[in-house]
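Reviewing the structure listed below.
A, B, C, D, E and F are the chain letters, set down in written order, and residue numbers restart from 1 in every chain.
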Amino acid sequence: MSVVRPSGRMPEQLRAVTLQRGFTRHAEGSVLVSFGDTRVLCTASIDNKVPPFLRGKGEGWVTAEYGMLPRATHTRSDREAARGKQGGRTLEIQRLIGRALRACVDRRALGERTITLDCDVLQADGGTRTAAITGAYVALVDAIRHLQQRREITKDPIFGAVAAVSVGIFNGVPVLDLDYAEDSNCDTDMNVVMNDGGGFIELQGTAEGHAFRRDELDRLLALAETGIAELFAAQREALAQR
Amino acid sequence: MSVVRPSGRMPEQLRAVTLQRGFTRHAEGSVLVSFGDTRVLCTASIDNKVPPFLRGKGEGWVTAEYGMLPRATHTRSDREAARGKQGGRTLEIQRLIGRALRACVDRRALGERTITLDCDVLQADGGTRTAAITGAYVALVDAIRHLQQRREITKDPIFGAVAAVSVGIFNGVPVLDLDYAEDSNCDTDMNVVMNDGGGFIELQGTAEGHAFRRDELDRLLALAETGIAELFAAQREALAQR
Amino acid sequence: MSVVRPSGRMPEQLRAVTLQRGFTRHAEGSVLVSFGDTRVLCTASIDNKVPPFLRGKGEGWVTAEYGMLPRATHTRSDREAARGKQGGRTLEIQRLIGRALRACVDRRALGERTITLDCDVLQADGGTRTAAITGAYVALVDAIRHLQQRREITKDPIFGAVAAVSVGIFNGVPVLDLDYAEDSNCDTDMNVVMNDGGGFIELQGTAEGHAFRRDELDRLLALAETGIAELFAAQREALAQR
Amino acid sequence: MSVVRPSGRMPEQLRAVTLQRGFTRHAEGSVLVSFGDTRVLCTASIDNKVPPFLRGKGEGWVTAEYGMLPRATHTRSDREAARGKQGGRTLEIQRLIGRALRACVDRRALGERTITLDCDVLQADGGTRTAAITGAYVALVDAIRHLQQRREITKDPIFGAVAAVSVGIFNGVPVLDLDYAEDSNCDTDMNVVMNDGGGFIELQGTAEGHAFRRDELDRLLALAETGIAELFAAQREALAQR
Amino acid sequence: MSVVRPSGRMPEQLRAVTLQRGFTRHAEGSVLVSFGDTRVLCTASIDNKVPPFLRGKGEGWVTAEYGMLPRATHTRSDREAARGKQGGRTLEIQRLIGRALRACVDRRALGERTITLDCDVLQADGGTRTAAITGAYVALVDAIRHLQQRREITKDPIFGAVAAVSVGIFNGVPVLDLDYAEDSNCDTDMNVVMNDGGGFIELQGTAEGHAFRRDELDRLLALAETGIAELFAAQREALAQR
Amino acid sequence: MSVVRPSGRMPEQLRAVTLQRGFTRHAEGSVLVSFGDTRVLCTASIDNKVPPFLRGKGEGWVTAEYGMLPRATHTRSDREAARGKQGGRTLEIQRLIGRALRACVDRRALGERTITLDCDVLQADGGTRTAAITGAYVALVDAIRHLQQRREITKDPIFGAVAAVSVGIFNGVPVLDLDYAEDSNCDTDMNVVMNDGGGFIELQGTAEGHAFRRDELDRLLALAETGIAELFAAQREALAQR
């Protein structure tokens, strides 16, 4: 098979992934994640309050907000703060990130605290939501460690790891970790969020061109599983430092 | 297996599905779709304009808007018009409906026209987005027929049918077409949109409780395929009338 | 006098009026009211709270919200939730409905509860606000009965009935219950809200073309009185069922 | 009859009415109108454009905007600009003012121009909308004169005069031109807009306490007619100066 | 030096300044300030609450809001309430007014109260923000006197006076108190806020055309000092009356 | 004099200043500027359009937008996009940045193009607006060079350089380039924008505690001049690379 991905990558090849902890200094967790040219700053902020629907229940909350700097993209987009509202795509992505990260947190062990994961895209080249989830996990762990070091919580609320990757069918071939050149020209695009127990947390597949068949789906899922395994390794390595 | 679904349905059993065409008289297509107690009014409106990004390209556009009447639900929700913005869930659903319906339309054959599918939930009992997609397809076909009868278009822009259903794991058992009682208590919830060629258009699976395994996913997809086949039959029957 | 109303109705003739109780199942009161082709879904929702300005005063509140589905009309209107605000006409109508219904409620007997009347126009053919008031009254009574059956209130807070109709001068002739074809071409348009004691609750007359004389006003008011008497009969009949 | 109005006025007595033309210098018409302690600055601004729905039709437009300075009232109200939207009451009043003034303008003679009447309440003591209509008429005439003096229009677009007053039932007695002390305690409140041909342009009556009977309505209308006659005299006198 | 200012004023000459106390009657302080044709209504409103960040700290707050009537200017501007937000210029000015007035108030002596200074421009001819600060000071003193007369506070929270003026370089010559004709054509524009101890509270200089040199700055500051001395005299005179 | 600045710096000592060009790759100019721990990403984006008020005049426009990531600060701030509006401080700063940069651009030589300077604070430690101006200048020059390299413009529109620094009185001593610890505790805070011809472009001084005297002002301005001279050197050095 001699598919030529625009980047020259092999179909099952991730982009270079880096996870730089402590990128900024105020947040309890702060990670600059790169999936190739996609760079997302993920910060985790602890607040000793919970949203109204959880007050007094002894449980914490994990939520996410997503943004893109106006010139993170090829052409400048309007600043959402200036337009006066977040777009549908933004809301959809931040809801996804929040759900994904809540899936690895024991909210009772967290206690009545909210951890907000801010994922701000400094540079976009496809896959910003999967990079955000993968990086936000590391920022979340750092924030939890901060609580543990200050002995504010005793039981570790993190169970398992969470990471995400995109897969798609590009020129008829299933490929892993789509960059912008692939993403804007592929037939099918799927974002897969998994935990390190091999379970699926989210699956969002969209047929951009023609509908995808069941056998294509199976091949995409297999690709995603291998890619996410590498991401878990990268997360573990990053968290082992210092 | 003796699972008891709250409704007494069998795991692979859809709710009663009805598609009432011509429910209101102004719209070019107007369908009241019911999936059991979930009732959504889907209208298709033709406008002889396209959004700015398509002007002069000789292509049409299909888009959707979604709303829920404040008391469609068990307890009254705020009216989005009064709050001054559509929520993230609303935007996410209407983007999904739009993408799903565009997947069966040849936009060049449609010409420079926009068809807007308004899906307003009169009564909610789970599965409003899948009912909306299934009903909006029938409203869309009626609007296209209207254009054909007036000889405004020559080539039929509709290729294939589109329908959607939810599946989930309730008390450990994969079940089809979740109602509210199931939806609010299930571990995994997946919305599946397919075309009548057996292809997947959208797949959105979320692990609410624990992550789902690959074999669970396979069983859910199989259930969805059988349910959607029944929905295509209901659509064909509805469109055959008059 | 041989005026021909577009609908063929006599000047003093109402359109067919129906009041279908229990149209949806979650609301404490739910009525689909039709004045000919005008169809409005009126739901009454009980909330055991009052707005801040009434807290601790031992009184209840009755309020209304009004909306129109985007394709209730001949041409599609923008969705107010998408535009981010309710228009002036919407606010004006919902304030009118709220005032009208409060005029028949003993708010002290209601206790510290709010009843919200949501009036959503499914199909518009003129007279949506008068249909909404007439239907919302029936939904309100059903919600109050619900409270009485659960013995949450002892004294009946409803005194008298409230109904509304439009009158206008069409081609020089005073006519009752304007439909859209008349409404958009008449010289004077008046909405009249009365109680069943023969008292006026609201009177809103607007000269669209030329100003109306005192004697025209008198004839319009007389027409309204006869029409509203028929509406009270329809409300009583609807409420007598079941 | 020995009713004591809080102000000591007779039932059929207007407050002192003044109409000060040229109150500010930039606007084509600028009138400070006082109905007793109610003071409204009404400016008329000419713009050589019309709203989109009138473009190319050879007709003009007259519209109004209404505002209240935050401390025009006994207790400070929020600034609508700071809250980010105009309230329902504001929108209702400015729609009324616009309709009322359009009723005396030949929009074809005006040509493709918009005249905007800004009515800003500097001090409120009841009856701001009727003072605004009465004052805005004078500002409108000044703006039209300005166009005539510059020979931009030939035919006078003004036909007849427009003025407005409130009437109500206070302690059982019909009274003219309610001030705040009366307005906040009366049973029925009606705003009447008339032209100087004796025709009614708008009638908005609301039963605040108990519904009003037909004979009460007749007495209120008679009071309004005498009050408006005095207002026409005041307008003529103001316009005769300079 | 024979500079001709459009108004014929000498470079160091203020416009006629008037401070009319009690311009409206509801507010605790109400001053119509005129700097020539610039007229701003400044009201001071007392509220027995403080913003959340000050609750329970035993301190008061002084804040300002600024607005311009749509036709205060040569051509009509959009009404900010209708546009749905206050512009950047408005926010900047009201923040400046608030800071300036807080600089002469002992917030502990004020107690847990908020004084809101509403500065609404009725007519604009340049220098609205400096007129607003100068007038708002007098309204603030009147509101404080009101509290003292009612013995709600014992210690006088006002220390010193605050006034403001603009200076600029017009046709190469430093001039005092720019009117609109000068403001829209000058090279440098500076707003200076001082207290009556000769201290600077705010200094905001902007080079519109070319950058200003240090010696120009010195001459502008000297001009501002003389102008503000006259404004303090006008404030004292106004406050001495009644 | 033995003042101890919290950072140990000398009164006239800047923080370490770095200007990293090409920080992101899509923008025509992209600079990460650091003033100590304050880090701002400044991008310059070229658009071949101008705002409506400049259309057809043959001139270009330079404008700025400013934002702060939610966790750039010690405690997390709300995301402005989520709140639905930019705050007054944000608008004030971005207006300042835009004015400052326009002061060094010949807009006629730029032609009908807009250059938007997005200044997004990744980490805040005081002085974000002065860092933003200093960094945005370098990004602007890079964008202009990009136009020149593509021969889209012939005449260089940049005349002179622009940089900014803050000065203030901390514990009675004038100091240069305030960091957060100083900024939140100083008596007077002034932002100074200059060009490299020694002229002042903006001067914004605020007395936080007590008003500042004329001699203090003089010392602050002298400090600012020396600091800005160092910033011009840093800009030149950065621009000389590559």
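Observations on the model:
Please note the rule applied: contacts are C-beta pairs under 8 Å (C-beta built on N, C-alpha and C of every residue); 3 or more make two chains touch, one makes a residue touch a chain.
Keep in mind that what you see is a predicted model, and the values were worked out from it rather than measured.
Here the chain-to-chain distance from chain A to chain D, counted in touching steps, is 3. Common neighbours of chain D and chain F, by the contact definition above: E.
For chain C, the chain whose average C-alpha position is most distant is F. The interface at A-B recurs elsewhere; of A-F, C-D or D-E, the pair that shares more than half of its residue-numbered contact pairs is C-D. It takes 180 degrees of rotation, in steps of 5, to superpose the Cα atoms of chain A onto those of chain F. One finds 59 Å separating the Cα centroids of chain C and chain F. With centres set at the average Cα position, the gap from chain B to chain C is 33 Å. Rounded to whole angstrom, the centroid-to-centroid distance between chain A and chain C, based on C-alpha atoms, equals 51 Å.
Chain E and chain F, compared by their mean Cα positions, are separated by 28 Å. Shared contact sites, meaning residues of chain F that touch two or more other chains, fall at 84-85.
The cyclic arrangement of chains, taken from chain D and going next to chain E, is D, E, F, A, B, C. On the chain F side of its complex with chain E, the touching residues are 85, 87-89, 91-92, 94-95, 99, 103, 190, 194-195, 197-207, 210-214, 217, 221.
In the complex of the two chains, the chain F residues touching chain A come out as 24-27, 30, 37, 39, 41, 43, 45, 47, 65, 67, 69-76, 79-82, 84-86, 90, 116, 118, 120, 122-124.
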